[in-house]
Amino acid sequence: MTEPVFDVAHLGHIEIYTDKFDESLDFFTRVYGLKLSTLGGDSAYLRAWDDYERHSLKLTRNHTTGVGHIGYRVSSEAALERRVAAIKASGYEVLGWTDGDLGHGRAFRFVDPFGHVFEIYWDTVKYEPAPDDRPALKNMASRFHAQGACPRRLDHVNLLAEDVTEFRDFMQTCLGSRVTEQIRLDNGRLGGCWFTVNNKTYDLACTEEHGRGNGRLHHVTYATDQREDILRAADIFLENCVHIETGPHKHAIQGTFFLYVWEPAGNRVELANAGARMILQPDWKTVTWTETERKKGQAWGLKTIETFHTHGTPPMKGEA
Amino acid sequence: MTEPVFDVAHLGHIEIYTDKFDESLDFFTRVYGLKLSTLGGDSAYLRAWDDYERHSLKLTRNHTTGVGHIGYRVSSEAALERRVAAIKASGYEVLGWTDGDLGHGRAFRFVDPFGHVFEIYWDTVKYEPAPDDRPALKNMASRFHAQGACPRRLDHVNLLAEDVTEFRDFMQTCLGSRVTEQIRLDNGRLGGCWFTVNNKTYDLACTEEHGRGNGRLHHVTYATDQREDILRAADIFLENCVHIETGPHKHAIQGTFFLYVWEPAGNRVELANAGARMILQPDWKTVTWTETERKKGQAWGLKTIETFHTHGTPPMKGEA
Amino acid sequence: MTEPVFDVAHLGHIEIYTDKFDESLDFFTRVYGLKLSTLGGDSAYLRAWDDYERHSLKLTRNHTTGVGHIGYRVSSEAALERRVAAIKASGYEVLGWTDGDLGHGRAFRFVDPFGHVFEIYWDTVKYEPAPDDRPALKNMASRFHAQGACPRRLDHVNLLAEDVTEFRDFMQTCLGSRVTEQIRLDNGRLGGCWFTVNNKTYDLACTEEHGRGNGRLHHVTYATDQREDILRAADIFLENCVHIETGPHKHAIQGTFFLYVWEPAGNRVELANAGARMILQPDWKTVTWTETERKKGQAWGLKTIETFHTHGTPPMKGEA
Amino acid sequence: MTEPVFDVAHLGHIEIYTDKFDESLDFFTRVYGLKLSTLGGDSAYLRAWDDYERHSLKLTRNHTTGVGHIGYRVSSEAALERRVAAIKASGYEVLGWTDGDLGHGRAFRFVDPFGHVFEIYWDTVKYEPAPDDRPALKNMASRFHAQGACPRRLDHVNLLAEDVTEFRDFMQTCLGSRVTEQIRLDNGRLGGCWFTVNNKTYDLACTEEHGRGNGRLHHVTYATDQREDILRAADIFLENCVHIETGPHKHAIQGTFFLYVWEPAGNRVELANAGARMILQPDWKTVTWTETERKKGQAWGLKTIETFHTHGTPPMKGEA
């Protein structure tokens, strides 16, 4: 194993498309509990109360659903240059530099083999709370507003790809991501891979696309401080007629406590809690789960619900 | 700000001295809930159930109490060489290479200006659970045995130093640690510094020594998955006649939920939960607390108990 | 021991006076998380989301603070008659029948020897949620609105009396209350008594008035489903500049997990969680705590804060 | 509605049969976390740490599984006489007086129409902890030993009957139980009834027997203080190879947070937490759930697992 690469600091933001913009925005602010930083053009820029950047979720009005792009922040200007050089040399599709967005400076865009758009950037706009959003404790990014499910920070995104092995190569080459856990199917293919660029257990997961979809999203996740926050959120979702797909329960993979719902436009959204688990070990050996092991269900035996294998956004042709 | 240094991966282990070895060992295994890896010579090698190394706590029989040494694991063999070169060039006291210990390979030892012994190492002995200690889920380092308070992993150590600024220079120079939060007293001195080498909010803290002690320990901390684990632990400590010093409560600094007790020999031991808080931001700006802000007490107003400012191990002359 | 008396069903509501009506109402609805049933005249009628009656807290504009009256609901019309007969025969001061209030029918009022006004009633107005307040689950009294601390139901009230023994006689005679726990001071006096009319561990407490106050209130308490709700509430109070007096911590007496704050007008308000503890035992023997035992502090050693012994409402002459 | 009857104080104990006595005893003590009061003859007498009687679970060696008998404690000697008279007059099968058991005095036995044996008693043996089992806080029945899942007290039992309406009549006539919630099937039959004799939301449930079993047990339940205790218990069951049937999740009916496992002999055992919910309302109106409402699944949408409808003990002929 080679030395870890630390050029990429962390997952920064996700852009999500919605064809029910107003309903989605109401969900993400009032029910899910993110804060609105800016409403501009066709997009709402949202953040969890302890996200330090201007936004971690960009919600964009569109004719369909799914993921717009995935942004990672790098560790320094020099790291940005190193990464851009590596990506250019990789042979993967490159879209090149953008001028940035409301929340950050220039970004370099590139595309994975399944159509998901990524960007990396260094310059960012750190969130400066207005007086009425200043936290009681100065080490918090903004006020704990206790609205809705009220997660603390962006956690991870889960994408779908027809060939997870190919996706894995992309992540290692372009971002220097480590694979912390994976599923090896009986047919030899990878069923799923969990990646991280830092000490989080994962910041991006990729699972096998069982349809013919292209560049689809499985889900976006924010982290709560406690498991109890997720149990409480389940009641909030219930009272607000949000479709609860599965959970609260505990994943066998990564040991994450989870709850999955569908926001009004159909994008799957998760709340998760990893407890005190982190990947501090520099020479972590990827944990590989077999198909047989997966068939045991989640940590406490819950069988994975069928829609979890099939539903993604945008929906595939013929899917409701 | 310069680019972050990632040579040092994480805090690996702490050696604690006890003059009541049997009582301390009973406390750390039965009540605090660590697992005994090896009992050898004058030391017991202990680990939390999800610590991946052979030990994270070395409990050593001695005529007194306090900290024996603090071990950090580096990110690679090359990183070890880089760090050793930096330390040698630093002018700080160097003890040189040891052959290692039961739990790890060769280590390079050096000393901070206040007498605490540090070591860095790369080769380690990863814990391989015996059949009866194999976890149900293969991504856990060993079985969740649910004994006592049962924390998940080593979290941090808090040392005492007469000059925190001088200590800070040592940490930055030798380990490349970042200062995530600090206390600036009205007299201009640093009252405390919280350091990290990775994405944890802190792995080592240093607070001002108010006595004439040398190389003293303030406390050692393990992390629990949930705050509820700490509330439950408080009942366990109560039933086992352990001296509960303060907590459960929430620190204003770092926002950690905490509980402090004294193990039978008098060393202060903490259980802590950081929720989902991590320092992912590569250009994190140190949070500085003033003396006035500190006087407000902990997060929810609890005034800091007097012994927290005075008690350390070994005790100073004249201290009970 | 005689057979238990079950004429009185449960504590029904408390009337609280405030000389900062608007601020108090904002606190109780937005921050503490009660729901407003009716705003009428000089009073706001409030309830927790699972309180089945029209109100459990009547907040009344006044020139001072403290408790207006305490209402208990009886088990039947016949029980009401039995209780009224017993109270009339008791010699305690009787105010007689009132026509009732917005939330209930006719009530019989009487006064304890220290000036607190009590009433008992049978006819009540059960809360019927409007369409937008209908819960997702039909066995809940109204929608879980997740606003602020959002407790589930009224729990208990704590009054102050110069002679707790005399107060105890009153409670046993008039309401058939049982004493579940008490404090016996070294001087032979009762320092405090915890009463219940049903299987709750207590619905009313009386502690010794250390000043010359008359008919004063120590605090009013609502129950949360989990201890985590109280930890979360502490953050909410902190962010809303509410004075947190003490907690979260666990009482040695009754084992209740607690948090005390002062609402804007100065009335002390608690959030509490009793876990699964109930007094199911029909021949429960009163638990008596000695002064020495009390001096050990709360369950985990926290020393009781001085204001907890002195602050009550209305304030005594000369008190700020 | 007539006045509530309070002759019966609470569910006292359940006798469970096991054909794997040693394995069951190991489960109930080491894993589930009850304490052994006495091991005598073919029975082990067990209690949760805060159960005040000598035992709340009698585990009896037998050639099969299921429930031996269900014991309720009454409120007084006079109440015992009143109940015995009512039962004798009822026409239900009467077995008459027994001399009592290790844990209580004389008991009056009678049988429901489906073969379950009940008993009521007044004289009981209150648990007196030996020195090493004395709690730190004198208001607890014994030491919080923190072993295994470690529930606080007995909560309820769930029986199976071919005609729930007939069973309901039995409970109301013999014990004066109130029906707090029930399921009304589309065919007009009762699918289930939840009963209580006090302020608990329920102490006994009866659900429709879908097979030809006679006098079968669905499950026995103990209460935990917090929901987190149940999440933690799930990990303990997982590590101890206990069959987790379903949960943790939240029932729509009664709102109970639950986890169901099968002890080694196959009897279903639950851990449950009701939060702060109690039935304090003397004129509580039975909540009736329709078949359609039940088909929505549990509170957060979980579909009820098939075995939950079919598995009971003892198994029916032909059942594994």
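Chains here go by letter, A, B, C and D, matching the order in which they are written, and residues are numbered from 1 within each.
To be clear about the criterion, contacts are C-beta pairs under 8 Å (C-beta built on N, C-alpha and C of every residue); 3 or more make two chains touch, one makes a residue touch a chain.
Keep in mind that this is a model prediction, so the values were computed, not measured.
Between the interfaces A-B and B-C, more contacting C-beta pairs are found at A-B.
Chain copies chain C and chain D are related through a rotation whose angle, from the C-alpha fit, is 180° to the nearest 5. With centres set at the average Cα position, the gap from chain A to chain B is 32 Å.
Computed from the mean C-alpha positions, the centre of chain B lies at a distance of 46 Å from the centre of chain D. Chain B and chain C have centres, each the mean of its CA atoms, that are 44 Å apart.
Residue positions of chain D with contacts to 2 or more other chains are 137, 226-228, 235, 238, 299. The touching residues of chain B, when paired with chain C in their complex, are 227-228, 231, 234-235, 237-238, 244-250, 257, 299-302. Those residues of chain D lying in contact with chain B across their complex are 135-137, 143-146, 148, 226, 228-229, 232, 235-236, 238-239, 241. Across the complex, chain B meets chain A through its residues 3-4, 6, 9-10, 50, 52, 73-76, 78-79, 137-140, 151-153, 155, 181, 198-200, 223-228, 252-255, 273-278, 280-282, 287, 289, 293, 299.
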